[in-house]
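Next come two complexes built around chain A: one with chain B, the other with chain C.
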Partner chain A sequence: MNSSALIHALVDGVLTGSVYALMATGLTLVFGVMDIINLAQGILVILGAYLSYTLSVHFGVDLFVGLLITIPTLFVVGIVIERLFVARLKGPERTAMSILVTYAISLVIEGILNEVYSINQVQLQAWYVNRSFPIFGIYLPYIYLLGFILAAALLGSLYYMLYRTRFGASIRASLSDQTAAALVGIDTKRVATICFGIGVAVTAAGGMIYGATNAFNASSSYDLISRLLTIIVLGGMGSLGGALVAGILMVMLQDIVAVVWSPIWSSMSFFVVLVIVLSLRPQGLFGKQSARVA
Partner chain B sequence: MKLRQSAWWALGLVIFALFPVVVTNPFYTTIGIFTVIYMGCATSWNMFSGYSGYVSLGTAIFYGCGAYTMALVSIHGHIPGGAEQFWVVPLGGLVAMAIAVPLGAVALRVRRHTFVVITIAFFFVFQLAAINANFTGGPAGLSLELIPWQGDAYNTPFYYVALAILVFSVVLSALVRRSRFGLQLLAIRDDEDRALGLGVKVKAVKLTGYTMSAFVVGMAGALYAMFLGQIYPQFVFDPVFDVTIALMAFLGGFGTLLGPLVGGLILESSQQWLTANYSNGSLYLILFGALFLIVVLFMPQGIVVKVKEVWSKRTSTGSDATQAPLATLGSESL
Partner chain C sequence: MKKLGNLWRTVGVTSVAASTMLMMANASGAAPKSHALAPIKIGISLSLSGDFSADGIAFDQGYKLWAADVNAHGGLLGHQVQLDVVSDASSPTQVVTNYQKLITNDHVALTFGPFSSLLSLPAAKIAARYGYAMIEGAGGAPSVFQAGLNNLFDVSLPVKDSLVPFAKWIAALPKGKRPANAAYVTTNDAFTEPQIPVAQSIMKAAGIKTAYYSVFPSETTDYTPIADAVAAAKAQVVVLGSVDVPTVSSFMQAFEQAHYNPKVFIATGGPDQGTTFAKAVGIKNANGVMVPNGWYGGATTPGAQAMVAEYVKKYGGTAATISADVAEAYSVGQITAQAVKATGGFNNAKIIKYLHSGVVLSSVQGPVKFDKLGENNEGTAFTFQWQGSNFVQVNPVSSKASKPVLFPKPVWGK
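Presenting the complex of A and B:
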């Protein structure tokens, strides 16, 4: 293994991994606060990518400027999904039901996207997608760097909101204990709705970068959601820092395996690592060991 | 009451057994075969996931392993295409069980929510392995020897073998439900820590249930491979299969005996019919997703429980209307 491949794996791991971490953070936040597994996250990323595509191709809006429209749009989409479907789930099987409901939602969105955009793969275009910059002796398209900056900025503001604001405190309270949070007067329903909105809104940014670095169509969502799920399980479900570490780890590992062994097995390597980690540490890398889970 | 119930089950069996006699059009008997296969798989899935509350979304692993067992054994064992291949079907189930043991040993270390996600991860490991390995034929899949049966006669044997698997699955599920072992699974669903405290060997019970439920699915996969004569990794290890099986159980009634049968019957027959009649795949996705959303939102406990509720309200004076839905889930009469 030559050193430039290792550098590529490390750089790509940090740059692309942070984007995955952003998308996974939305998922883990929703799970932590609401005990809801949102299987529609993958297709919502693709929806975000297609929205950016429409804005840039038909209206000539720059991809990053377009986020000013797509992020609020997906925030609203998230709120609507939560109010219409997710909030109605009650009872002991609601986590399992949430998987099925969000899967049904993703089927509907997938069908609509196939109708509107056809199943031919597209990729987002801009000057920074096609031009590259040198870093540690390797070349990467500018979009990787810009995507990293965007993901870091969004993750940073998300963390700021969570750890420095009053609303963030109520989210963290709901994360650690729903009932106790409700008892001290936090409107947990409102927190849940907004969390779901935020969790979905990050897919607009994630989707734009994903769409600029990969050719995609609606069925790319299956690959995405499986990666995002393994990231949040590896990091520990409900752990925000865990999602960040696991996201970066996933991309690095895949790049290294692709070089050392074969690109064919690279996507599988992460699942294998997940299985190994979980057999040693069932709660994931940073998960809380819960004494009693109903 | 007991007698009347047995009569209903017998009537259902007779209707299913007479289906290919009455309907000979291969188009409909093919739908029948798939419907019966899926009903069997959903019942078997429910026998573990429904009773224990551990929702598995990796069912296609067993289906795929069964299918590859049939293909590989038929090809390398030089079994001529025909009735002899049916002997490989139970072998497919056994291979699936053998694979379920290590998978379950790892996946069942975690609690429910994480278990769901791990089964998805396992599923992708298997799918990627089937696509990339050499002995599986890679993305091109494997072809079995042609079976020299003609016309309508081709489907009939498959239908009856599928029906036999379904009956086996239902009987097994009913026996488990009435046994001490089944009660232990239900206890785990209600409160795993308390069950452990009361002396249920939680780990062993879960692993046994998980492994048992793989058997029928493996057999179904083997039958599928034989029926189509050609398998591709992306179709036998299909994420849609994982979710469809779970959907069927939830649609009919999670954790009930009748639920997965009703869910499988409705879902698979309509799915086959829709795909055959509407070549437009995306329209079908929208319809299917929307239908499912409606059902989940309006009858979250499943069709069987909902119908039973409405029925008992109409027949009785409504005094037992306060009965909690989960209490009915556990009731023996279902």
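Presenting the complex of A and C:
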């Protein structure tokens, strides 16, 4: 085993894991506030990647500058999905029904993307996508560093909004207990709609980084959603901090096992950890059982 | 009663009038002069989505191209060919369901194979259950033939021999130019894994040391740590066992980011995907990348250039950007047509017996002759290389059509 490969694996784990954490944050936020499991999150990440692709290839817009357009666009897409489909789900079967509804939405979006962009894989290109710079004996890819900075900035903004603003207090109140939040005058429906919009909006940033580091097509969404669901289950459903820790842990563990042991065992190693954690803490690393009971 | 009598009279008069009009129409030649034979249905399951979708679509194009061609020339024994194509989403489970449905529900007369060894074997097992021949173009892994199915026929080259011309070329390089070491990394796929040890043993015999050897699971999506480990080994040759474009592009991206430029880079699948590959990695990065295959757009085998011209007319692009999958699928149709013609019908038992008879058939990929396991032992392996925007044959060196290898491979992006 080469020590530089191990350092690389560690660094890649932190940098890439943070981007997965960002994508998973949207998923866990929506579940925490609304008890909705959004299976369309994976295809929405791919939609974000395709929007960046369109702006870059057809309009020459830089990938990061393009986020000024794609983030608001996906926020609106999220609002529309929530108003048209998710808000109509009522009753005790709401969570289970949300799986079916959002899966149907993901299939529709996948079909549209296949029709518009074809099923041939593409990858986002920019000068910083393939370049890297030397630091402490390894080459650090610009795109991974920029992705980490972007994820950190967005997660920081999300954290600030949640803990330093009045609207954030409303979200946290809804996260803890929706009925109690409504009783103290919080418009929980509005909070839910905006939360869903935010949850989808972050896929624009996640999708751009994903598309710059992987060749993708609409089918890539299946792998993505399975990873994102795994992250939020390990971190604790509804926990933003849990998503961050689990995202980094997942990628870092897989990368280290691939380098130190064998790539054959890398995926399995993470699931072994997942099973162990869930057998000890069924609510995940940072999940709160009481909140879900409510 | 009177009303009923009138009704019968009206019906009778109308019938006579209609019959007379039909007879007159026949006499004037308005109706077909001869009875057209019923169309013949061929059932195919293809990976139109999922991991193998790029190859699945190319196969779809190849099959459709052949069907259009054969129909334009009067069909199979006078029957127009109808392709019944269903998608299996690259799933070995779905492919079983699909062929079950095609045979028992759609009552297709013949079956053509899906894409990949992973799907061909379960497909052939289902076909065998109903006595159907499974003629396919992309199921050449040893594990497929080891099943000992009597109904399976792969018109392409057995995959284990694919890297042989490449490995022999490396081994034959003058000592001063010959690379000192090589890294071998492959996905655990029935198509890729058998190729690597064959190449490794040839290169090892020539004194090329193994700097790195690793197998990664086919469901891997983050290739960065594996690619970084390959880069850290600093091997001069990289042999990558891959089945698709994303795998190759991810390795290439990680190599470039690590400032690692091997002298030779060959991937078993992906670089043969024409424009799909070039778009994913960028045409400059493709320069010097090699891939083994049984066919390319410049092939001079009988019928190849006619197929290329038809492809370009129908789907656009150039000869260089046509995937070898198209030729593999087209060859399946050609071999089937020859078997149908020779046996005088669509009886699958007769077709299977005929294909096992040792007869040498012809396809756009070259001659086809099946052994008792259904392997095509007449197939020839080639190595191709991206040189600028061209995809050219470089091996076997003895072939007149082979161009000189671009060696060492230019640094990424040059």
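Note that the second predicted complex is superposed on the first by the 286 of 294 C-alpha atoms of A that agree within 3 Å, B and C clash if a C-alpha of one lies under 4 Å from a C-alpha of the other, contacts with A are read in each partner's own complex, and residues count from 1 in each chain.
As a working rule, a residue touches a chain if its C-beta (ideal position, glycine included) is under 8 Å from a C-beta of that chain, and two chains touch if they have at least 3 such contacts.
Predicted, not measured: the structure shown is a model, and the values here were computed from it.
Colleague: Consider chain A as the common anchor and indicate whether chain B and chain C clash or fit when overlaid.
Modeller: clash
Colleague: After the superposition on A, what does A:231 contact: first (chain B), second (chain C), both or neither?
Modeller: In the superposition, A:231 touches no partner, neither chain B nor chain C.
Colleague: Touching A:173 in the superposition: chain B (first), chain C (second), both, neither?
Modeller: Touch partners of A:173: none, neither chain B nor chain C.
Colleague: Quick check for you: in the superposed arrangement, does A:201 touch first (chain B), second (chain C), both or neither?
Modeller: A:201 contacts neither chain B nor chain C.
Colleague: Considering only the touch criterion stated at the top, classify A:186 as touching first (chain B), second (chain C), both, or neither.
Modeller: neither
Colleague: Tell me which partner A:4 touches in the superposition: chain B (first), chain C (second), both or neither.
Modeller: It touches chain C, and chain B stays clear.
Colleague: Based on the superposed arrangement, let me know which partner A:29 touches: chain B (first), chain C (second), both, or neither?
Modeller: neither
Colleague: Name the contact category of A:255: first (chain B only), second (chain C only), both, or neither.
Modeller: Touch partner of A:255: chain C, not chain B.
Colleague: Name the contact category of A:104: first (chain B only), second (chain C only), both, or neither.
Modeller: first
Colleague: For A:267 in the superposed arrangement: first (chain B), second (chain C), both or neither?
Modeller: After superposing on A, A:267 lies in contact with both chain B and chain C.
Colleague: Between chain B and chain C, pick out the one touching the greater number of residues of chain A.
Modeller: B
Colleague: In the superposed view, which residues of chain A touch chain B and also chain C?
Modeller: Common to the two interfaces on chain A: residues 114, 264, 267.
Colleague: Which residues, counting only chain C, touch chain A once they are in their complex?
Modeller: Residues 48-51, 53-54, 57, 188, 214-217, 219-222, 224-226, 228-229, 231-233, 244-246, 249-250, 253, 256-259, 276, 279-282, 285, 412-413 of chain C touch chain A in their complex.
Colleague: Using the touch definition from the top, list the residues of chain A that touch chain C in their complex.
Modeller: 2, 4-5, 8-9, 12, 16, 114, 119-123, 125, 129-132, 139, 141, 213-219, 223, 227, 251, 254-256, 258-259, 262-264, 266-267
Colleague: Which residues of chain A touch chain B once you look at their complex with the stated criterion?
Modeller: Going by the criterion above, the answer is residues 31, 35, 37, 85, 88-93, 95-97, 99-101, 103-108, 110-112, 114-115, 222, 226, 229-230, 232-233, 237, 264-265, 267-268, 271-272, 274-275, 278-279, 282-284, 290, 292-294.
Colleague: Taking the complex as given, what residues does chain B use to touch chain A?
Modeller: Its residues touching chain A are 53, 55, 57, 106, 109-114, 116-118, 120-122, 124-125, 128-129, 132, 191-193, 239, 243, 246-247, 250, 254, 281-286, 288-290, 292-293, 296-297, 300, 325-326.
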